[in-house]
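Following this line, the structures themselves.
Common to both upcoming complexes is subunit A, partnered first by subunit B, then by subunit C.
Coming up: the complex of A and B.
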């Protein structure tokens, strides 16, 4: 009995798996704006149609921030796909963000 | 709960602490008081959103300008710049109102413009001049953000939206000055004083103004006794109430009816953007 070789489907599946992100910010404060801009750039480049981003202003929703275990803002939470990951700060360290999102640099970069 | 004590809840050397050390954090969620405590730079930035001119800027320009902004509290009667003297700071009023006054040789001066949260003080610098032609005096105490003249000058070329906002504001201030000149020539002192109270109240976003009648007289180029008589008439009509160094607008529609039409013409152009 020949064992059917498993075709690696991970790459194909990756393109359809929606990455669910939650970014906690403090209104229009500089690092928060920076984090939004940095994350939007990364999403545009790597996850164009395969992400869902929710931005939560902790100044408006402090209780929600506490319920979700947020300590400081800006902070980014990747909820899905597992494993969950967090990045603290204004997300200017792109390599760190890509690693947390499970994306290798240039792996799924959109063609320019 | 202070920022210092909120910081103690974080793990030493943890990712939050590292991000704070790198200056990448705006706020900390304090679980013991269920509050969000802002870091000073973030507080300053959020303060800036009280200025509609700054709030209208796109994120990148806003951030570029924000680095040089310093929050200050301005007091009634404080002179921000004198005519023909190099401007040291550009001010973005947040909670204060600044009066622009044209001076004449014998030391007298009359108001030709009012600037509040919608504008900027030191406009001449943005138009390429080093000094202004007017004196800028604080007409209602409150907060403002200021930036050093040299820094503003070096940042401006990289901020096209800020330049556009300056041109728009210049046009509005010019229109206000023109209307004020016509108003000073043709309208009665009662109507002019009512207009001034309404315009200042709009910019201070408060129905209560803390100023003396002699200050009001200087602003409008009137004698103090004339201001007392007019204030008495407006008070008897229950439009305003006056206390020591304080005037409160009681009946806004009534005061608008008592003011000349210059009020609505100026505000329609300036505050509706």
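Coming up: the complex of A and C.
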């Protein structure tokens, strides 16, 4: 509830673990381009230097995407730390993305 | 322009679905390289329909297909379809690829998305396995995630374009909860596709009935009505449109209706491939009569399907054996197939489809349905009536001789006609009734009609014994038919008078014999008398000759002495006479 309780959590994530993310996009589709931009902004603000992002173009690697359980694009998968999470959409709903990734919306204040 | 003209000139290519009945009412199946939409509420059979199309295409045309499952995981789907006869086959088939598009409950939606990635994956898979069919099962699950009507439309159009580019025959299924309001949500889906099939599950009088209807089919004629449908062991079966034309072969061959006296009343039996209706109140031995027919057919070596509603096969066999109708051996030899079904809560359509599959599987030459009226128990009478009609025509189409029994609630013969109205289409109608007189109930058999046959107009008494049913002659007394004890009395009376007559006749004959003997004796006596008289006459004649000779000699002597006359020839004459 209080900000203080959440701050150490976010810092712990910042300092001890690297967040591994995979973003599946479909070429230059508007939603896909938007998703890339949105994710990069989030990573810049919250996960600077503690994230690993791989962007996969489903149009180029359809079999791999299928094997990895992709349904729609754009689609974001958080592989580690556990629990794993999946977010679909162009990631314009930042609050939802942060929640899914286990990042508090206000943890931004710490590194800044 | 030229392209458009070319397309218009070509008839719409269709791909058979292999679903029993559906290909008939869609005149060929679903449009090839086009998109068809299946809509319906939960449990209407959309998934089964789509899956069956893929399985049939894979097994019959060696055509591969992709099944995109939004609602259930492929593992669930496969588990569900093992209950179908084709289930295990589809499991083994390498021709069908299941794409697990079933959305995880933990999935978070954060903003707009599209299907372009999924379609790219599916296109890759399509090239890989050479798929010709594709199913999007439960697309509504995905569309609701878009939360935006315009986005939904955009993706639907994306899907349409993709399907057109990839030359795939597609089936999209979508749930609608309500016919009126729910459908509005996906109306644009309906505009987009080339064929719309509506599946519906309805509750009528506690009975769930399923129906199928084609509501749109671009560039094709189709049966517009709503048809009954059922999901059985073979998957979806549609009660397809009956041919408007009735084309039954009219056989001249007569087969026994069960026993000789009944055949005699029917002018030699029933025609092969005809339908016979037996009506009567409970206990008038309709089943026995039908059983006798079945047994006779088995004895000829013909295959018989005995359908009993609401009565177990064992029970029927036991009851019939008490009147000398033995089914056991025929069941064992495989000539007789007993099928018993409950009717409570099962729609008439479901019975029809079950019977149809039984007929196809077993190929009987005779069928007994006992009692057909039971199908009207669940659901509406109108539906049951239609089913009864279709059933009889279907069986006649197969050239199968049919005996159906129908229960009448009252002993009034006209009551039957208000029920299932099958008496009009049956070829022969036998009515069984009770005649109550002098404190007895006796079974009476009447042949109400028998097409193409000079049948007896007489009422006969049906008597059941250990050796089976038989018909006895009836006596008319004062314009009334005598049965039971009255008949027995009459018979006894007639027997007594016959004995009396016999005795009288014997006595008369004895008298005549005596008279004859005495006449013969008289004749003998007279003959003897005659002989005696003749003998006497002969001896008299000899004496006379001797006397005549002596007298003539004396006369000659006398004349010679007198020398008066020359000797006369009279003596010679006399001698001749004596010699005679």
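Keep this in mind: the second predicted complex is superposed on the first by the 93 of 112 C-alpha atoms of A that agree within 3 Å, B and C clash if a C-alpha of one lies under 4 Å from a C-alpha of the other, contacts with A are read in each partner's own complex, and residues count from 1 in each chain.
Throughout what follows, a contact is a pair of C-beta atoms (placed from the backbone, for glycine too) under 8 Å apart; a residue touches a chain by one contact, two chains touch by 3 or more.
Only a predicted model underlies this, so the values are computations on that prediction, with no experimental measurement involved.
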Partner chain(s) touched by A:37 [first = subunit B, second = subunit C, both, neither]: first
Which superposed partner A:62 touches (first subunit B, second subunit C, both, neither): both
Contacts of A:100 with subunit B and subunit C, given as first, second, both or neither: second
Touching partner for A:92 - first (subunit B), second (subunit C), both, neither: both
Doubly contacted subunit A residues - partners subunit C and subunit B: 25-27, 29, 31-32, 34, 58-59, 62-63, 65-66, 70-74, 86, 88-90, 92
Contacting residues of subunit B [partner subunit A, same complex]: 9-10, 15-16, 18-20, 22-29, 31, 34-36, 38, 41-42, 45-46, 49, 59-60, 62-63, 66
Subunit C to subunit A touching residues, read off their complex: 99-101, 103-104, 106-118, 120-121, 123-125, 142, 145
Complex interface listing, subunit A residues touching subunit B: 25-34, 36-37, 58-59, 62-63, 65-66, 70-74, 86, 88-90, 92
List of subunit A residues in touch with subunit C within their complex: 24-27, 29, 31-32, 34-35, 38, 58-59, 62-63, 65-66, 69-75, 85-94, 96-97, 99-100
